[in-house]
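Since the structure comes first, as structure tokens, the remarks are kept for the end.
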Amino acid sequence: MIAVEKITKTYGSSVVVDGVSITLPKGGVTSIIGPNGAGKSTLLSMVGRFLSADSGTITVGGLDVTKTPSDELAKRLAVLRQDNHLAVRLTVRDLVSFGRYPHSKGRYTVEDERHVNEAIAMLGLSGLADRFLDELSGGQRQRAFVAMVICQDTEYVLLDEPLNNLDIKHAVEIMRLVQQAARRLNKTMVVVLHDINMASTFSDVIVAMKNGQIVASGSPAEIIQPDLLSQIYETEIKVVPVGSRLVAIY
Amino acid sequence: MLPEVRRKRVRAIVALLSVLTVIAMVAFMTLGAKGSWSFILSFRGAKLAALVLVAFSIAVSTVLFQTIMENRIVTPSIMGFDALYVLLQTVLVFAIGAGRLSAMDPFLLFLIEAGMLMLFSNLLYRWILAGAARSPHLLMLVGIVFGILFRSLSSFLQRILDPSEFLILQDRMFASFNAVDTSLLGIAGVVVAIVTVIILRMLPVFDVVALGRNHATALGVDHNRTIMFTLALISVLIAVSTALVGPVTFFGLLVANLAYLILPTSRHAVVLPVATLIAVVTLVGGQVILERVFAFDTALSIIIEFVGGLVFILLVVRGAAR
Amino acid sequence: MKSTLPALLLAGFILLVLAVASLFVGVSDVSLSSLMSGDAKSLQVLLVSRAPRTAALILAGSSMAIAGMIMQMLARNRFVEPSTIGTVESASLGILAITVLAPGAPVIAKMITASVFAMAGTAIFLRILKFVPLRSVLLVPLVGIMLSGIIGAITTFFAYRLDLLQSLGAWMTGDFSVVLKGRYELLWIAGALGIAAYIAADRFTVAGLGQHFTTNLGLNYRRVMLLGLTIVSLVTASVVVTVGSVPFLGLIIPNVVAMMVGDNMRRSLPWVAILGAGFVLVCDIFGRLIIRPYEMPIGAVMGVIGAFFFLYLLLRRTSRAA
């Protein structure tokens, strides 16, 4: 369970996250949606202890993120930010192996090796494992980063806009993977998404943010509603049921 | 035409700078003088003339270079022009031999060196510009590293020439602020006069070139030819200043940017003289203050390097933040 | 990735051959036969001069290359190394300070002072980088070169005032001909730091991925930065104090190794160490041969090669981007 309590973050005079309180259930996929500047990434960064909040507390699985030693937390919680620009030249396997660092501190065991190979296979990177990241396409690189986070093998995984730079095929693959990780490995996946329909299709819970506050949270059926979405995005949005899913049209 | 307010401001700036220039020059000639006046006047007069020529050459070459590069941070010295000149000097010593070289007519030698600089800088910078013009940062970095390369090559060759007396050779063969080469004053004066006449005739063209390649071409200026010709003029001016006092990396950057800062116009007819006046005041005045007031005889070039480096970082980082 | 171990062993063997060659190259003749025949003088030269010199070359070469690699991780930029960002200049300023303030201080005290200064200078560089957008890759080395110019100007100013310019020249131009038994042992500290860097290799690679990656993996980013800064400063200080600056080594070697085996320091660091040592050996042997019976200091050789390599790196990048 991730518990966020009265979290506020300001930059100068602008309030980016404004007294947010929310509890995200353990297990399943939670998507955070909302327009640009809603405070989604900032909130995620604070949960991932990259940023410290001005006030409020955050616990992940009962651990206070500001008080728990960082290396302890790294075994429970993995975070992938958007914008992964690398100056160093690493192979896919190098990068994914670093996911094991919190567990092995650089002395890799057979067990670590197995995790690395599994993560690489899971993201369909087996053929590319020994290629350098700068030789890969944007989508392949993004998958390598996700593989690293998966390889970290934590109960909680936070992904900030993991679908950026991905074409539809790979975006869907990543979201299926996120869903599988939640179902089969019983992980808690929290994903910031831009695409409402991806959120609608793959989430168990959707949290909608706007102007630093949480506007609504609930099941996709509760959130993917024309009035609510139109209000959040300030654009007229219709919702059409297609099979068992709700599809937003704008 | 400039509006009246701005014209007044320009006139005030020029007047103020002229007064300061005169004060600096008089102070330079008279302060702390001991002994025979005729000796002092001719000795200091020669040095003053050298400083003025250097100030003019650096200020004008920098402004023109920045105009053709459309970039107010690069200068010929930052791009390695004067390091290239020293390298050419060294290569000449290397090829002909120090002994035979000092027997040669210094005028002829200077003309050969300046000609070589014109040739090589044109070849080199045409090549760099073709590849790097798109990224000003790359242009600067490549220029700076070329400068480092030229300096390293010079010192490498100088060491081969005379491994045991390397430092002495350096002092004797190459000019520096401590060892102003006054034997070249005559030719330097003539060259600067010729260049000035050419520049005066080209002033409106520079204003057009400053608009950029497309606009300049649309207005009927042969952009490529003008740039190549201006590069040649710049090479000559750099040859003058480097032959007289050796390389000075950041002086041009300082005076040019100061001129842009205080002037309400970017017309070359105003910028060039004002930058020159600023250069003369700084160089002569700075020399007076350091030499006569603080008795720090030759620290001026070091201080210029220090302040210039700071300004450069400031300009670059501020430009990147924008 | 195939195991690079066989290739690494081969490189190690070549290094060994170079080291042996280094023992027998120099002004006074030392040969296998003279040693076998029990020539006391040959043995003396070997033990007092050649062997220490060879050890110093290997230690300084490998540790400076490693320092360059760590610096590139900390700055997250390919184009930096201690001699282009002010670390070396700061170290010389430190040596200057202690030479003036406590002339009789033991060499270890000099080294510690130099490393404190080096650390401060490098920290200033990293601080300035916070104002530079990460993606303006070329701005980082530009700022670094200018910062070293500024610190260098301060150092030159004081050295000039205190009449220590010649000593400053010695610190700034690496020269292994000064190495004798009893006067290079400080470099073993640099060697030990190289091993420490290997132990912490993963941390530095992670730091090279950025602050967020580092935090996500449970490491304290500031602490890793501080560790890296300490190693870089101590290595630079010990090398500058004993033999003077070996410029560009930390730029050339890590870039070549990155092209070969990538940047995972656990794998690349042994390569960096071996190639660094080997390259310095080659350059030093070349310097001993080119102007016999004199010697070309390695700083002068590296300056030329390094500047060429830097240009190659910069221009290769553009042609690829084009």
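Per-chain numbering from 1; labels A, B and C assigned in written order.
Everything below uses one rule, namely that contacts are C-beta pairs under 8 Å (C-beta built on N, C-alpha and C of every residue); 3 or more make two chains touch, one makes a residue touch a chain.
Note that this is a predicted model, so its numbers are computed, not measured.
Taking each chain's centre as the average of its Cα atoms, which chain lies closest to the overall Cα centroid?
C
Which chain has its C-alpha centroid farthest away from the centroid of subunit C?
Ranked by distance of C-alpha centres from subunit C, the top chain is A.
Quick one: subunit B and subunit C, Cα centre-to-centre, how many Å?
Chain centroid spacing, subunit B to subunit C, equals 34 Å.
Averaging only over C-alpha atoms, locate the centres of subunit A and subunit B and give their separation in whole Å.
Each chain's C-alpha centroid was found; their separation is 57 Å.
Taking each chain's centre as the mean of its CA atoms, how far is subunit A from subunit C in angstrom?
Roughly 42 Å, centre to centre.
Multi-chain contacts only, two chains or more: what residues does subunit B have there?
none
Residues touching two or more other chains, restricted to subunit A: which are they?
If we look for residues of subunit A contacting two or more partner chains, we find none.
Check each residue of subunit C and list the ones that touch at least two other chains.
Correct list: empty.
Give the list of subunit A residues in touch with subunit C in this complex.
So the residues of subunit A in touch with subunit C come to 48-50, 69-75, 78-81, 85-91, 93-94, 98-99, 101-102, 105-106, 130, 132, 149, 152.
Quick check: in the complex, which residue numbers of subunit B touch subunit C?
Going by the criterion above, the answer is residues 131-132, 135, 137-138, 140-142, 144-146, 148-149, 151-153, 155-156, 159-160, 163-164, 167, 249, 296, 298-299, 302-303, 305-306, 309-310, 312-313, 316-317, 320-321.
Mind listing the subunit C positions that touch subunit B in their complex?
Contact set of subunit C toward subunit B: 79, 128, 131-133, 136, 138-139, 141-143, 145-147, 149-150, 152-154, 156-157, 160-161, 166, 169, 290-291, 294-297, 300-301, 303-304, 306-308, 310-311, 314-315, 317-319, 322.
What does subunit C use to touch subunit A in their complex?
The touching residues are 1-2, 72-73, 76-78, 134-135, 137, 201-203, 205-206, 208-213, 215-220, 258-259, 262-264, 266-267.
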